[in-house]
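Encoded as structure tokens, the structure appears first; notes follow it.
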Amino acid sequence: MSAPATHFKEASRRMAADLRHRRIIQTAMVKYETVRDQRKLWFQDWQGARNLAARTKFEAVNHLDQYLEQFVRLIESRGTKVHWAGNAEQGREIIFNILRAKNAKVVIKSKSMTSEEIHLNDAMVAAGYEVAESDLGEFIMQLRGEEPYHLVAPSMHLTRGEIQDTFAQKLNETTTDSPEDLTMLARRVMRRKYLQADVGITGANFAIAETGMISITENEGNARLTSALPKTMVTLVGIEKVLPRYEDLALFLPMLAVMGTGQALTCYNTQYGGPRQPGEADGPEEYHVVLLDNQRTLLLADAEQRDTLGCIRCGACLNVCPVFRNVGGHSYGTVYAGPIGSVITPHLRGLKQWKHLSDASSLCGACTETCPVKIDLHHHLLQNRRNASAPTAGKPGFFQKLAFKLFAVVANHAALWSLTTKLSRLGMKLRGLVNGSFFDPTRAWTKTRELPPIAKQSFREWLKEREL
Amino acid sequence: MIITLFIPCFVDLMHPQVGISMVRIFEKLGHKIVVPEGAACCGQPAFNSGYWNEARTSAAKVLAQLQDAEAVVIPSGSCGAMVKNFYPELFANTPQVEAARKLAAKTHEFSSFLVNQLGVTDLGAKFPHRVTFHDGCHGLRELNNKRPPRQLLAMVRGLELVEMGAAETCCGFGGTFSTKFPEISTAMSEVKCASALETKAEYVVSCDSSCLMQIKGLVNKQQKPLKTIHLAEILAQS
Amino acid sequence: MSERDNIFARIKEALMLKAHASHGHGLPLVEEHRRVMPPVGVTIEEQLTLFANNASELKATFKFVKDVAELAAELKVLSAAEQWQRAATHTGSLAHSQTMALGLATIVTNYGYDKDELELCDVGITECDALIAQTGTVLVTSHSAGGRALSCLPSHHVVIAHRSQLVADLPEAMSLVKQRYSGNYPSMISFITGPSRTGDIERIIVLGAHGPKRLTILCLQN
């Protein structure tokens, strides 16, 4: 088993039995589902909106070269410096070069999963920069030294008491455990950082080709301040984030809000098209946009799963996923958890190491049913399983293959099947001898569940008897 | 009409009552029943595990056995989805793809066959119990089969249907998933069963014996007051 | 080859393989968007009511003022109630004159300002580009609202709007931006929907996470 697979096995086993975690997450998700469903009704035709969103993303992704070219040309024309990063290392290096050139000491960040993907924070801290995550959830996770638990809600697995303790330990500040007081404490701390920061780094939700702008969606105003106060602004964005037209936002912004948090619209949806322009009161002197590939073109080359590049990282598939809800975000061991993570991580980081994530699903399809851009998530899990068992993928599960072959022959052969029927009754009797022990072949099932008995008379036996 | 029943392996061996009930129901409606010899595995376990060649071996036999059928009925949303939705994909780019498409078109899950093909909702059944319904994921999402089972249950004398909050949540079975990741599978099942128990129903009803096997396995082990029954078994009660 | 060329080469090669379009072809028209999106009513009156309802759901304050005199009075009441000491505004003529009339220590962002001082301001008073009925949103840009920080750094953001600035829905707001600035876009365009908030602690909404704790929209009738 690969190291990530071992981690997943162990972590998921532990979390699945953690009833406290289950209660916290179930409560949060049920709350989410209620508001989300109300918002969906607000649309005249939610399913119609999903179709339009899927169509738009299909168009964008399948003409990625054109739209990307247009986006870059326009945003450059307003004085933005665009950088290209083929992989994570190049991405970090580009940003380090900017930090060095600006002689930066303090960096403020707003939420960016792409920066998590290239492990930017750790690298910056290791290089001696003072880095502050400004999004409240991310800030809490940074203080605790944990990875974000969820794409949209990084600290959703924590209770107010735990957050109060974290603040007390790491900030040396005491407040009550009321969410209001805790938030105001973070606000005070972060305000100092905005004012001190030399460079602000943001992520992006969309890159608009038609107008050459980055669009950032957030509730707290932390990205607004990150891009307003420091003298240098950097946006890290995956190359797949392009939308063709400005008006496409009119569809995507409300859909993202509804699916992400159950809001009609997130508080701040802001487009940035360059550094401070002539005549403007403020804004950064320099604006850098770093476009990241990091295996996205590999995903693009897979025509079957190319639609995954349309993902708007709304987190809805995580929220409805019964596996995610029971094992939690940290068990996955990868930045992108939940169904979308299980689908794309094998492409981004290697099928051999990460195929277990595609196995860890009952293929219930709740993710596909909810995805606002209609990514065929659970079928992609199935395709990953197929790809993993292909001879080119390494060791082709010889015994499992043989077992399936044998079963196919037996089950679809009348005489053999009737023999099997009799043998399985014998087997059930014999199992009694080893019941529940290490030697019990059904142990994985019977540890927590009872095994149904083989009927005294099978259906086919009944049918035969009747016909006589 | 001559109706061909496809009885999957585990129904044959562990839940024969489901098959027997279907025979009774269709005969009562005046149809003739055929059960082909040697077609018990649709190939889903291999297919879902990624072994598509092996799945094709299985499915090719099923294809051959069922190709002359007038209509094929399956007492499982899961096996139904396999034949209806995935056979065409499995046989894509092979000579059998046409046969797979034809079979898909005439194959139906049991409850949707009754309601949508035969136009029957009232079978004169009587079952004076409080029940809750579990939507099997494949029936619900692959076959879009939300209404038919409920239309059928609505006509059963004495039956009271109480919907549970997590009706559409997966029971955690997922075929080989249930033994590859038994802890996750069990946790999912616990969430499902907790919701079912909240309704104070006597029975969980479903169109899928595999889901019921998972639910029953868990509640029996934990000695919770809940029984399971397949929709066909209820409809055959009088 | 530069990294840019490498990436474009990989994209072009990947796209040689055509994907199957399962949800139709081509970009949808704005009319298609409007058929699925939340309804906005037909008359101006309906849309004003919609805006007001949305704003109140968002915990923003929305008030009509008859004329400039009433606007000034309203601002005086707010100033007294919250004991404003310092205010900030921009060179927009209405925002500027109204703020000055309050007689407080005032920053005008376009004239250059000190970040730390702006942070201390009790209120940022700005104009805006539009009000969007569909979602209760205020549309501001770095042109119409005195830069990037003014509408976000002070703890109370007061927007002075005009009834004629109301637009029905998001597509209309976006085409308005395109027409008004065609090509010469402000470096920041922000759709503000309610005061700053977070739900990161147990999904309980707290206002004023990093941005303004209060958002007040004063709308001139004529």
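The letters A, B and C name the chains in turn, as written, and every chain counts its residues from 1.
Quick note on the criterion: a contact is a pair of C-beta atoms (placed from the backbone, for glycine too) under 8 Å apart; a residue touches a chain by one contact, two chains touch by 3 or more.
Just so it is clear, the model here is predicted, and its values are computed rather than measured.
Contacts between chains trace an open chain of neighbours here, each touching only the next in line. Looking at which two chains touch through the most C-beta pairs, you get A-C. Chain centroids computed from C-alpha atoms place A closest to the centre of all protein C-alpha atoms shown.
Here the CA centre of chain A is 32 Å from the CA centre of chain B.
Chain A and chain C have centres, each the mean of its CA atoms, that are 29 Å apart.
If each chain is reduced to the centroid of its CA atoms, chain B and chain C end up 53 Å from each other. On the side of chain B, the complex with chain A involves touching residues 7, 9, 11-20, 23, 35, 37-41, 43, 45-52, 54-55, 57-58, 61-62, 65, 137-138, 141-142, 165, 168-170, 172-175, 177-189, 191, 213-214, 216-218, 220-221.
For chain A in complex with chain B, the residues that touch the partner chain are 12-13, 16-17, 22, 26, 30, 322-323, 325-327, 359-366, 368-369, 382, 384-389, 397, 400-401, 404-405, 407-409, 411-414, 417, 421, 424, 444-445, 447-455, 457-463.
Looking at the complex, you find that chain A touches chain C at residues 28, 31-32, 42-46, 48-49, 51-52, 54-56, 58-59, 62-65, 68-69, 78, 84-86, 90, 134-137, 140, 153-156, 158-160, 163, 179-180, 182-184, 186-187, 190-191, 195, 211, 213, 219-222, 224-225, 227-229, 239, 244-251, 253-254, 261, 264-277, 279-283, 287, 291, 293, 297-298, 300-301, 303-304, 306-307, 374, 376.
Put simply, chain C touches chain A in their complex at residues 2-4, 6-8, 10-15, 17-28, 30, 32-33, 35-39, 54, 90, 109-110, 112-113, 115-116, 119, 135-137, 142-143, 146-150, 152-153, 169-171, 173-175, 177-178, 185-204, 206, 208-212.
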